[in-house]
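Both complexes below contain chain A, partnered by chain B and then by chain C.
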Partner chain A sequence: MTANALPSRNALFSRNALLSRNALRAALPAVTLLLLLGTIFWIQPRAMTPFGINLMLNLAVPIVLATMAQLFVMTVNDLDLSIGGFVGLSACIGATWLNQTPLLGVAALAACILAYAGLGALIHLRRLPSIVVTLGMSFVWLGLAVILLPTPGGAAPGWLKSLMAFKPPYLPFPILASIVIALLVHVGLMRTSYGAILRGFGGNPQAMRRSGWSSLRATMTMYALAGLFGVLSGLALLGISTSADANIALRYTLLSIAGAILGGCEFTGGRVSPVGAVLGALTLALAGSALTFLRISPDWQVGAQGAILIAVLALRAFVVRKED
Partner chain B sequence: MTLSALLPTRKPWFWSFAAAFAAWGMLVLFLQGRGADEAVTASLAFAAFFVIVGLGQMMVITLGPGNIDLSIPATITLAAVVAMRVMGGEDANIPLGVLAALGCGVAVGLFNNVLIHLLRMPPIIATLSASFLIQSAAISYGRGLQVRPPQALQDFATARLYGVPVNAVCAVLLAAVVGVVLARTVYGRSVLAVGQNPRAAWLAGVRVGLVRSATYVLCAVFAALCGVLLAGFSGGASLDMGQEYLLASIAVVVIGGCSVAGGRANVPGIWGASLFLFLLVSMLNSMGLGAGFRLVLTGLIIIAVITLAGGEPAQR
Partner chain C sequence: MMLKALATSAVALMIAAGPALADTADKRIALSNNYAGNTWRQTMLQSWEKVAKDAVAKGIVAEATAFTTAENQVTEQAAQIQNMILQGYDAIVVDAASPTALNGSVKAACDAGIVVVSFDGIVTEPCAYRVQVDFKELGRKQVEYLATRLPKGGNLLEIRGLAGSSIDEDIHAGILQGIEKHPQFKIVAAVNGDWTQTVAQRAVAGVLPSLPAIDAIVTQGGDGTGAAEAFRIAGRPTPIIILGNRQDELAWWKQQNAANGYETFSATIAPGIATLAFWVAQQVLDGKEFPKDIVAPYLTVSKADLDTVLAATQPGGVANVEYSQADAQKIQAAK
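Let's look at the complex of A and B:
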C-alpha cells in the first residue's frame, strides 16, 4: 500500500513543482515589463500619464504585430528573416497604391499575403532551410519597395491616420491595441482545436501527418498568417509615421525575433506564447525610451535591447534549469 | 556519353562553380567581351572577403542543427574600428592593430560561448543579442573616427601578385588550411563528428563542448580578420561595413553545397559560391537595372539556386 502511495505522491509533488516552474516561466515576460516600467516611472514620475505612456509606446503597435508574424512562423519551427523588409513593402504599398487607387492597393496587399503562403509551400515541399530562403526574400521585398517608392515619401490614407491617432477613454491606444492583438492570437492559436493542430506540427510533425493532417496546409496557413500580420504591421507603422520609406522597418526582423524569444517562445517544438510575445515586444519598444530617461547615449540603444535579452534569458535559464 | 559522365555533377561543389561560371559568362556577354579578365580579377578580390567569413560560418553550421553565427557583421565592424584606432594611420602600429582586432575576435567568440553554454541560450539568439552589444560598442568606440588605414596596410590589401589580388591569395591559403584541418586533424574530424551525431561523438570520446567553443571562437576570429582586410581594402572603417556579410556568409555556405543540417563541410564550394555571389551582383549592375530590380533579382536568383541545388533529404 505504502509502496503504491509513495510514487503517486512523488508524481503529484513533481507535477506541482513543474507547474510552479511553468508559472514562473510564464510570469517572467510580465515581470520584466513591469520592472522596466517601474524603473522609468521611478526616474521620471512625469512619464506616468496617459500622454507619457502614449509617447513612450508610440511605435509599439507595429512592433507587436511584426512579433506576432514572427511567432506564427516560429510555431512551425521556422524563422523569418524577411519580415522587416516585408513590413516596409506593406507600408510603401499603403502609402502609394492604397492611397491613390484603393482597389489596386488591396489587391497588392492580398498578393503579398499569398506570396507568403507560397513561400511556406516552397520551404516545406523542397525542405529548404527557412533562414536562407527568407534572407533571400528580404532582398526581394526591399527591392520591390524601392521600385515602388524610390525616395521616402507617399502619404498614408486618411482613415489609417485617424485610426492610429484614435484616443480611447481610460487606456492609451497602444496598450488597448496590444491587449486586443494578444487576446485574438491567444484564442486563435492556443484555444481552438485547429490552433492546437498547428502547434502540433511544431512539436511532432510526423505524428500529426500520421494522424491525417496535411502538414503542407498547416505550413501555408502559418506563413499566410505571418504575411497578414506583416501587412497589418506595415499599415500600422504607416498610420503613425504618415509617410513611408523602403528601409523604414528593416530592424523589425531582429526585433520581432527578440520579442518572441523574450516572451517565452522557443525555436523548436511549437512552444509559443502569444501573450508573452506581446509583452516581450512592448518591453523592447520601451527599452529605447528607458535609455533616454536614464541619460544613456543613444549609441547604446541597440546594445540595451541585447542586454535585456541576455538578462531575461539568463533569468529563465536559472528558473527552469531543472526542467530538462 | 552523357553530361553527367563528363562533368563531376555529383560533387557538392560543382553547382556553385557552374553557377559562378554562368554568371561570368552573362557578365562578359553584357560587357560585349570587354573587360572579361578584369571581371575575373575583381571578383577574386571581392570574393576573398566572402570566403574568409564563409569559412568561419561553414565551421559553425557544420556543428549541427541550430548552430549559426549571426554576430559576424557586428564583429567585422568592431574589429575594423578597433584596428583603425590602434593603428592610428601609422605603419609601425600595423602588427599591434592586427593583434588587437584578432583579440576582439577571440573576445567575441568567448562571449558567444558564455551565452551559449553558461546561459544555455540557443546559438541564434545568443549570437543575435551579442551582435546588438557588439554593434553598440563599435558605434560608441568608432564615433567620430576618421582615421585612414596605414599606407602599408592599404598597399597590402590592394596589391597584386602576378596579377592575382593578394587578398585572394590569402583567402585561398586560408581555405586550404581549413580544408586540411577538417580532413586531417583531430579537431576537424571532431567538428564533423559532432555535426553528424553529437551523442555518438561524445560516446566516442570527443569533447563536444570544447569543440563547439573552439569553433565559435574560430568563426569570430575569421570575421575579425575580414574586418581588418576590408578596412585596408576600402580605405577605412565604416559603421555599416559588415552589413552585407550576414546574408553572404550564410548564402555561400548553403550554395556551396554544405549541409545545413550539419556534419558535411565543403571548402571548394565556399569559393565557388563566393565568386558566384559577386559575379551575380556585377552582372546585374552591368545590365544597367535600377537598384530595386537588382535587389529583387539577387534575392530571386539566390533562392532559385538553393532550390535547384536541392533541399535536405533529412528532416530539418
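Let's look at the complex of A and C:
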C-alpha cells in the first residue's frame, strides 16, 4: 500500500514544484522590471507622471520590436547579428523614399522583408551558420543605408511622427504599444497550432520533419517575421527621432539579444517567451535611466548595465538548477 | 508711505547690486556629450569642468554637470537627453552624435521649457541654439594665406576629414570657394585623413608616388604632421602644410622653424567653445535674447605666439581658449 502510494506522492510533489518553479522563472522578468521601476520612481518622483513614463519609455518601443525580431530568429535556434543595421536601413528608407514617394518606400520595405526570408532560406538550404551570414549581412544593410542617406538627415513622414506622439487617454503610448506587441506575438507563437509547430522546429527539427512539416517554410516564415518586426522597429525609431542616420540603431543587435535572454528565452530548443522578452527589453531600456538618476558616472554605466544582466541571469540559473 | 518707498528702493538696490546672482542662481545646466575618446573632446571636457565649477562657486548657476554617453551611439544620447528632461534641468548643452537623429528628443526638451544649446556637433532642430565656427571661412582662409605666400599659385594636396560629417563638407566647400577666387591654385589630389595623424600619413603615402611636385597642403587639423611624415619618408621636399593647432603640429612647426625658418598657418575650432555654449545657455536663462545661430571665431596660432601657445598646451592636446560671460554678452550685443 505504502509502496504504491509513495511514488505517486513524489510525482505529485515534483509536479507542484515544477509548476511553481516555472511560475517563478516566468515571473522573474516582471519582478526585475517592477524593482527597477520602483527604484526610478523613488529617486525621481517626476518620472511617475504620464509625461515621465512617456519620455523614459518611448525609445523602448523600437527596442521591444527589435527584440521580437530577434526572438523569431532565436525560435529556430539561430541568432541574428544584423538586426541593428537592418533597423537603421529601415529608418533610412522611411526617412527618404517612404516620405517622398510612399509607393517606392513601401516596395523597398517589402523587398527588405523578402530579403530576410531569402536569408532564412539560404541559411537553411546551405546549412550555413546564421551568425556568420547575419554578421556579413550587417555590413550590407549598413552599406545600403549609407548609400541611401550618406549624411544624416531625411524626414519622417507626418503620419509616423503623429503615431509615435499619440497620447491615448489612460495608458502612456509606450506601455500600450508594448502590451499590444506582447499579446500579438504571444497569441501567434504560443497559442496557435502553427506557432507550436514553428517552435517545434527549434526543439526537435527532425521530429517535425518526420511528421511532414516543411522546415524550409518554417525557417523562412520566422526570418520573414523577423524582417517585418525589424522594419516596424526602424519606423518606430524614425517616428521618435524625426530623422534618420545610417548608424542610428547599431546598438540594437546586442540589446535585442540581451532583451530576449533577460526575458527568459534560450539560445536553443525553441524555448522562447514573447511576454518575457518584451519585459526584458523594457528593463534594458530603463536600466540606463535608473543608473543616470542614481548619478552613477557614465564611465561605470556600461559596466553596471552588464552587472544587472549577469545578476538576473545568475538568479535564473539558480532557479533552473533547483529544478533539476 | 515713506517706509514703503524705502523698502521698494531697497529691493530695487538689492536686485541692482547682484547682477551676477541675478535670475539664474537656482538654474541647473547639463552637458550632454556623445564621445570622449580624442584629445579635442578631452580638452573640451576639461574646459567645461573648469568654467562650470567656477560659475557654481560664484553662485551664477546651481549646477552644471557634464554627462558623456558610455558609447558613441545616437539612441543612447537621445535617451540621455530624455533623462535630463526628467531630472528637471533648466538648460541642456549638447555636443551631438548626429545633426538630425536627436531632433525628436531636443524638441521634447524645448516643449518642456528647457533651453537647448548645441555646439561643435550641432543639431538642426529649429528650437535649439547652435554655437559653431564658420568652417567655410576656415577653408577659404587657408587658400587666402597660401595666395600671400605663393602669389604665382601652385599644386595643392587636399586632406579631408571624416567622410559624411558636416564639418568636412563645410571646410571643403570653403577651400573650393578660395580656389575660385585664386584660380592659380589647383587641387591635384584629395585623400581622407579622418582628422587623425596616422590615417593621414597612410593616405598621403599611398598617393604620393603618383603626384607631381606639391607646393602646399590644405588640411582640416589633426592631419598635418602625418602628411609631413609621409613627405619626409618619401624624401620629397616639405610643402607648406596648413596646421590645426594640435600640440604635435605646433611642436613640429617650431622645430622646422628653428631648422629652416619654416612658416605656415594654423587654425581650428577651440575646444573651449563648450564654455561659450555654457554662457549662452546661462544668458538665455537670464532672459537675454540670442540669435539661434551663433558664429564664434576660430582660433588662429601665428608664428609670434607659437612659443606661448605651445607652452600652455599639453602634449597630445589642442591649443585652447576658454570663453567668459562677457564674451557671450558681446555676441548678444552684436546681434
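Here is the rule we go by: the second predicted complex is superposed on the first by the 321 of 324 C-alpha atoms of A that agree within 3 Å, B and C clash if a C-alpha of one lies under 4 Å from a C-alpha of the other, contacts with A are read in each partner's own complex, and residues count from 1 in each chain.
Following the convention adopted for this analysis, contacts are C-beta pairs under 8 Å (C-beta built on N, C-alpha and C of every residue); 3 or more make two chains touch, one makes a residue touch a chain.
Keep in mind that what you see is a predicted model, and the values were worked out from it rather than measured.
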Contacts of A:P150 with chain B and chain C, given as first, second, both or neither: both
Which superposed partner A:V140 touches (first chain B, second chain C, both, neither): first
Touched partner set for A:G52, first chain B, second chain C, both or neither: second
More chain A residues in contact - chain B or chain C: B
Touched partner set for A:V302, first chain B, second chain C, both or neither: both
A:R251 touches, of chain B and chain C: first, second, both or neither? second
First (chain B), second (chain C), both or neither touched by A:A314: first
Partner chain in contact with A:R126 - chain B first, chain C second, else both or neither: first
First (chain B), second (chain C), both or neither touched by A:S289: second
Contact residues common to both interfaces of chain A (with chain B and with chain C): 146, 150, 299, 301-302
In the complex, chain B residues that touch chain A: 66, 68, 115, 119-122, 124-125, 128-133, 135-137, 139-140, 143, 246-247, 250-251, 254, 260, 290-300, 302-303, 306-307, 310-313, 315-316
Complex contacts: residues of chain A adjacent to chain C: 44, 46-47, 52, 55-56, 58-59, 146, 150-154, 237, 240-245, 247-252, 285, 288-289, 292-293, 298-299, 301-302
Chain A residues touching chain B - in the complex, by the definition given at the top: 77, 79, 122, 126-133, 135-140, 142-148, 150, 205, 254, 257-258, 261, 266-268, 297, 299-307, 309-310, 313-314, 317
Residue ranges of chain C touching chain A (in the complex, touch as defined): 67-71, 73-76, 78-80, 82-83, 85-88, 98-105, 107-108, 124, 164-166, 169
